[in-house]
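The next block holds one structure in the form of structure tokens; read it before the comments.
Per-chain residue numbering starts at 1, and chain names A, B, C and D are given in the order in which the chains are listed.
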Amino acid sequence: MTIDLREKPLTAKDFKGKVDPDWCPGCGDFGLLRATQTAVAQLGLQPHDIVCVSGIGCSSNFPGYFNAYGMHTLHGRALAVATGVKMANHDLTVLVTGGDGDGYGIGGNHFTHTARRNVDLTYLVMNNQIYGLTTGQVSPSSSVGMKTKSTPFGNIERPVNPITSAIMNGATYVARGFSGNLKQLVTLIKGAINHPGFAVIDTFSPCVTFNRDNTYQFFKQRIQTLESEGHDPTDWKAACEKAMEWEDRIYTGLFFENPVEKPLHALEPILDDAPPVARVPEPITREQRDRIVARMM
Amino acid sequence: MTIDLREKPLTAKDFKGKVDPDWCPGCGDFGLLRATQTAVAQLGLQPHDIVCVSGIGCSSNFPGYFNAYGMHTLHGRALAVATGVKMANHDLTVLVTGGDGDGYGIGGNHFTHTARRNVDLTYLVMNNQIYGLTTGQVSPSSSVGMKTKSTPFGNIERPVNPITSAIMNGATYVARGFSGNLKQLVTLIKGAINHPGFAVIDTFSPCVTFNRDNTYQFFKQRIQTLESEGHDPTDWKAACEKAMEWEDRIYTGLFFENPVEKPLHALEPILDDAPPVARVPEPITREQRDRIVARMM
Amino acid sequence: MSQGFDFTIVIGGAAGQGIATPGNILARIFVRRGLHLHAYNAYQSIIRGGHILLTMRVRDQEALSHGDRMDLLLCLNQDTMTRHLRHLGPGSYAVYNTDTITPVDHQEGVNLCGLPVIEVTGERRNRLAQNTAALGVIVHILGLDFEVLESALTLQFQRKGDAVVSSNVSVARKAFDYAQENFPALASPMPRSPSPLAVWTGNEALAMGGAAAGVKFYCAYPMSPSTGVLHWMARNARELGIMVRQVEDEIGVANMAIGAAHTGARAMCATSGGGFALMTEAIGSASMMEIPVVFINVMRAGPSTGVPTKTEQGDLWQVLGASQGDFERIVVAPRDAHDAFATIPEVFNLADRYQCPGIVVSDLLISEGTFSVPPEKIDMTPPIERGKLIRDANGTPSAYQRYLDTPDGISPRAVPGVPGHVHVVATDEHDEDGVLISDEFTNPLKRRQMVEKRARKMEDYLTRVPPPVLEGDTGADVTLVGWGSTAGVIAEAMEQLREDGLRVNRVAVKWILPFHGEAMVAALSGAKQTLIVENNHSGQFARFLRGETGIAADGHIRKYDGEPFMPHHVADGVRAHVNGLVPGGVFVPEQEIIV
Amino acid sequence: MSQGFDFTIVIGGAAGQGIATPGNILARIFVRRGLHLHAYNAYQSIIRGGHILLTMRVRDQEALSHGDRMDLLLCLNQDTMTRHLRHLGPGSYAVYNTDTITPVDHQEGVNLCGLPVIEVTGERRNRLAQNTAALGVIVHILGLDFEVLESALTLQFQRKGDAVVSSNVSVARKAFDYAQENFPALASPMPRSPSPLAVWTGNEALAMGGAAAGVKFYCAYPMSPSTGVLHWMARNARELGIMVRQVEDEIGVANMAIGAAHTGARAMCATSGGGFALMTEAIGSASMMEIPVVFINVMRAGPSTGVPTKTEQGDLWQVLGASQGDFERIVVAPRDAHDAFATIPEVFNLADRYQCPGIVVSDLLISEGTFSVPPEKIDMTPPIERGKLIRDANGTPSAYQRYLDTPDGISPRAVPGVPGHVHVVATDEHDEDGVLISDEFTNPLKRRQMVEKRARKMEDYLTRVPPPVLEGDTGADVTLVGWGSTAGVIAEAMEQLREDGLRVNRVAVKWILPFHGEAMVAALSGAKQTLIVENNHSGQFARFLRGETGIAADGHIRKYDGEPFMPHHVADGVRAHVNGLVPGGVFVPEQEIIV
């Protein structure tokens, strides 16, 4: 169907989008962007093989800065749209990029059900524990006590834990990154793209403008990698336990991986031969029509 | 504010609604209704002290059959409405009743966030692993392989686990009941109402019309109570592990309880004196107005 | 009225009494004889109990509505007898089981066909024996040979094994014989035509229209009365290679369909009012991103949860007001099941051409009704036109801009995977290259350009869909205007009024948005008295029509009790209006049949 | 034009350059002098960078729009200079930092007030010194004493400590002195009035209207341009005892508000188009359950995500079509910030009376604009009328029916907790006692009764809200019709046209649904040429008005580039129409100021 233009191996630079990011200088989202560009280049992917789907938010501007097919959709709906993309053409590599509010707030139900279905997507969440684009309100991942424009007396709601929640809902590759650790991020993203199933990387991506609590400094003082501790990613209990630590030590790395479970598209025999999009012009055959009509008579 | 009419102790019968249930004979929902009526009577509650909120579904017809203030709201939205009720008047006992599709399907995001907020509600889910009212489609809790009108070749999506999901999202009282075990249900419901925080009881409530797989028989052969095994409900790992068992043994009982965490309304100082509804007619004072206007000048 | 064969069988009972089976058997018998069928089932949101009333009208020509008559009432319980026996006129039949049901007051000349089921059939235990026995009686009344019923019973029960077949045949036979001895048959028996017909529901027609249009991605969240589309799709998914998904909610549905459509698959989804409300944000986004998707809204009685098993045309304004801002979309309300079937591929072609969402408005009456259809009218290979779609790179890619400001406003659309056409689609306002202009520089000139580019797309739209036309006598005294599913009942009311000597014509509007305003004004320019017929309380179409054309009707005929119009309701309304008996301007017929 | 003081200061720069601070300081100075302020901020969805242009119009009488003029342009960067210097006319001022900014081509007579900031102030490091220095220059130009600025700076910076205050004062002083020597001041200096004014944004006015109405439950999900309401509520929650919640999404918001409202609290929530789309299903449910809640939709440029920081009146049809079915609700579009404030308690009283949702339609122009307000007009204790609300048992309870079919259609509403009034509210159709009729027996007669009961509630509605009125000359040549936020700009355009000798009057529509159709027809009955002014592409109000009244305007003035109308845009449109220069009937002004 498509002409193969894969002559030269691409580099991260080839994945620069049409415009430069308009993120605030120092925003954590730059780190994830760079890591993703590096990872896809290292994997030898071509821009036209990738679809990058986002919702709305500072972080959700990602597809505009990334040279690939992109969909900048509605706030909270990226996973649903991306599932549609993947189901229509599972030959595509589908990345989903967005914020914590987008993914765990308004988009929470799609998160739960995408995990349950194990749709083969790579979900990159730029978690800044705040609503950035709307200029600084509490988010579902803000810590208790955090003062924001909508919680001037301090947040009284406990935050979601995206890692335990992803694991328990059935995601089969669950990791945490930090935009201050590019090397780890690149490794995690490559792992996620290669993983056949729903892969989530929740990435601490500091908002330098509205979140004065969870700064680079805050994370640098606390972060420890799971790699360095020899964590076993098939042990969900250990994964959850480690994911719950917060005060003194915060882990990054691959928490959980389920290498057995098949992704949704592999469970649906209709998709065995070819993706639906490849069959678009295929008309109903005379035999099919007659069988259908016969059942109506 | 209200006249106290609490003369005589009420019995379960006093909690019969205006009409008899129109559920199919043998429907599991009858069990939960009876258990709830018994539990509130035993707790000495009065019908006007209770608000029972539901969404839409066979099970969501519950408030019509239960003598208490009731709200039969939109499909999937009961928890949001109930949170509004509780925040406006936390002196009320608020029950939420509905189905698995209503609560874990379309209402999934409210479920996650209500748990996270630990709103002091008692959530009674009549889980029949099917969409009953719409005459038998797959539900998010249907087992893999189940044939329904929307999955005639068998369901390929793994079901949610409401117990582990509730625990991980922050619910502070998480139990599983079976409408074939009324005694246990009554105990669990009383515990849930007495518990100050978000209490979930996922109840197997067989749909005798559309679910031929998960019948009373199916459950009777497998169910084992946690009580009988001396399970420690403060141990979340054991709770999750037990909640994941399905094939041969299925547990009912109280999986998890967090006796420490305060419910949302107790964390908000505005509610310390009185619920908002009690202050409805309270006008803005001259001093308040002047302070506000002064800040504008 | 009509000179040919036109007979209406009504079956009443409680949910759980098995009305569907005799209904299906009779339907098969009728269409195999080449007779036309139009069936409406009045039911409730209850699995067992309540009151169900299935009206099956059989005719030797097309039946445009379920009509006004009850020629044969089959009572499966006393409640049905008590409610409906009084609706029977002279020469009609009431069939019932005398073991459990007693007739009530009735008009003279009704043939009471009471069957002592236990005595005749010997079946004491089998609750369903009365249904099979009733079929024996009915087949006799219709003047058919028993073999017709025997083969229908065999077909219906063969999956359950020979024993079930033979016991049913034996019960039916005994009842047939008893009926032959005791009850009169029709003077002229049910005719037959050489060409057998097929049978479908409107939802099946919608689904098949989707399949014919090349839909390869269908997703839905169940909601009455739209769920039948999902059921058909799910059943036929494997055979036709359609990816069918049930999603967590309607928001997910709409967005998933958008994702699949953007990727190049034709994608469709159906829901009802409440689900459609949840989809509206996504519909606006599809328009902004310029992605063609087809959304079906099957209306039921509202507002809110309303009466889920009842019909209404109450969602017009919701559809017109779906999502914020001004944006391009197509809205169409098919007139009947076959029209629904044929409309879906048309809407897909238009949506693909204009790269915008298409909204199809059906209602419970069409979607859950059962209708005959001549099999040769089921064209599963309609023309497919996908518009400016780029599915492969076709040589050296040039500088591709997704939202190129072309003369006709339509920009070539490349699907993901095509080399050299990488781009981003966005719900934020963007420039020709898909770069946001809502961010750094919200350039008002570019903004205006893009709004006008998108609007320009629709400029030639009206040349591609047929204008509303005046049907019937020109110079008539009364012009009836309806939209969507009332087309049939209006046509039949016109027949009745013509018999009265009233000259009536009509405009049956189907294509709603963009609206053929000028053609409508022309169509109505000679109208003496215009009456708008619609199945809602507030006159949603009347207000829309006035807004588009300035035409204020002279009167209205409306119904909003959940039950559909019967032809005489409309005719009565016309008579009342003509005689100046509608002071407020809105005639609301009484619903006589209480279910 | 106007004879008194009318001066417009425009400040331009990139996001992150700190435009807000000089803006706030000047606003304080103006309102403390008792001058009226009308400020519009053109900005983008970006935290740093882009181009922000703050237009502050100061007047000795009420300023109804941000006007047409730039009397003083403060350039914080070269981009501002390059974009806007050409808009300045003779006698105007351009203030800029010569260290970084160079003037471009400009008209004759512009006072170029270039300040060598480093040289004058000695500040090399502090990026914000140029802003404070500019204030010194501006205060000089306005003919004010330096002390006015000194006290404003002190107030602004006192939270940051004495050092910050004194360094700012010193910078300003040096610039002020330099300006006195080098730049001309206004011939007649800025006046003062004895009564100082207050200042608010439209969102603050909406929030305060809610507080005044007795709102005790406010919830929201952030969405520009409505988030200001949440911010005010959150800040004032503790002081006023308002329970404020940020919810997971707008669906949760709407339903939570409904729960709180049902329980007896006055409950409100605000959002913008996309969030409103998600709320529509709940709005219909509130109407069906007969629960009063107030929903605010602050419109921004659509469709879909659109241009989040730009204004438009594009959600009228979405609001009209919110949710399926026919149902009772109130829709109102306030004309300005004070009107928004005063409208909220009115809508609550109406919603409580009619037990239905109220929808308030604002837009970015009102909601994010900054306006002066005379403090005495801030009435925080308006009348509160809660309708037929039962909050205690009041003696022996009788047989209570929630949906009693009373003569006026309004049924007494008991809140949970009241003994003897236990009942169920339902989104399914129900009988007077709240029992579903969608289940066992979907009785069409009861169904019709309940539809009519609810509809009857609104019969006397129009007696309780003021009809639209014709303002200005009767017998004018042109009648301008607008709705919502265009009222002010239309009024100012009328002044301009009057100076041209054109006689123009207007109708500024505010109460939208149920609509005062007859009054509108009466108001426009003498109109010679009716032009509808609205801030959208498709003429949403024009279509609505025609649908309600049959009135088709003679022409239209529309704008949909994201920027609001300026008075001359409207005046130009009128002139073009009057001179027959608008062949298509729709005049679209050019936006000259590109931001």
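Methods note: a residue touches a chain if its C-beta (ideal position, glycine included) is under 8 Å from a C-beta of that chain, and two chains touch if they have at least 3 such contacts.
As the structure is a computational prediction, the values presented were derived from the model and not from experiment.
Asker: Of the pairs given as A-C, B-C or A-D, which one copies B-D, with over half of its contacts the same by residue number?
Answerer: The chain pair with the recurring interface is A-C.
Asker: So which one's got more C-beta contacts, A-C or B-C?
Answerer: A-C
Asker: With chain centres defined as C-alpha means, what is the inter-centre distance between chain C and chain D in Å?
Answerer: That pair's centroid distance is 44 Å.
Asker: Distance from the CA centroid of chain A to that of chain C, rounded to the nearest Å?
Answerer: The computed centroid separation for chain A versus chain C comes out at 41 Å.
Asker: At what distance in angstrom does the C-alpha mean of chain D lie from that of chain A?
Answerer: So the centroids are 37 Å from each other.
Asker: At least two partner chains per residue is the criterion; list those residues in chain A.
Answerer: 22, 56, 74, 106, 108-109, 112-113, 140, 153, 268-269
Asker: What are the residues of chain D that contact at least two other chains?
Answerer: 45-46, 49-50, 237-238, 248-249, 251, 274, 281, 285, 289, 304-305, 426-428, 436, 439-440
Asker: Going by the contact rule set out above, which residues of chain B touch chain D in the complex?
Answerer: For chain B paired with chain D, touching residues are 1-5, 17-19, 22, 46-49, 51, 53, 56, 61, 63-64, 67-74, 77, 80-89, 91-92, 109-110, 112-113, 268-271, 273, 276-277, 279-284, 288-289, 291-293, 296-297.
Asker: For a test of understanding, state which residues of chain A touch chain D in their complex under the given definition.
Answerer: Chain A residues touching chain D: 22-25, 56, 58, 74-76, 105-106, 108, 131-135, 137-138, 140, 149-153, 209.
Asker: Across the complex, what residues on chain C touch chain A?
Answerer: Against chain A, the touching part of chain C is residues 31-32, 196-200, 204, 208, 211-212, 214, 216-217, 219, 236-243, 245, 247-249, 251-252, 255-267, 281-282, 285, 289, 373, 375, 378, 380-381, 384, 386, 391-393, 395, 415-428, 433-436, 439-440.
Asker: Where on chain A does chain B make contact in their complex?
Answerer: Against chain B, chain A makes touches at 106, 108-109, 112-113, 116-118, 140, 153, 156-161, 164-165, 168-170, 237, 240-241, 261, 264, 267-269.
Asker: Across the complex, what residues on chain C touch chain B?
Answerer: 16, 45-50, 220-224, 227, 230-231, 234-235, 237-238, 244, 246, 248-250, 274, 304-305
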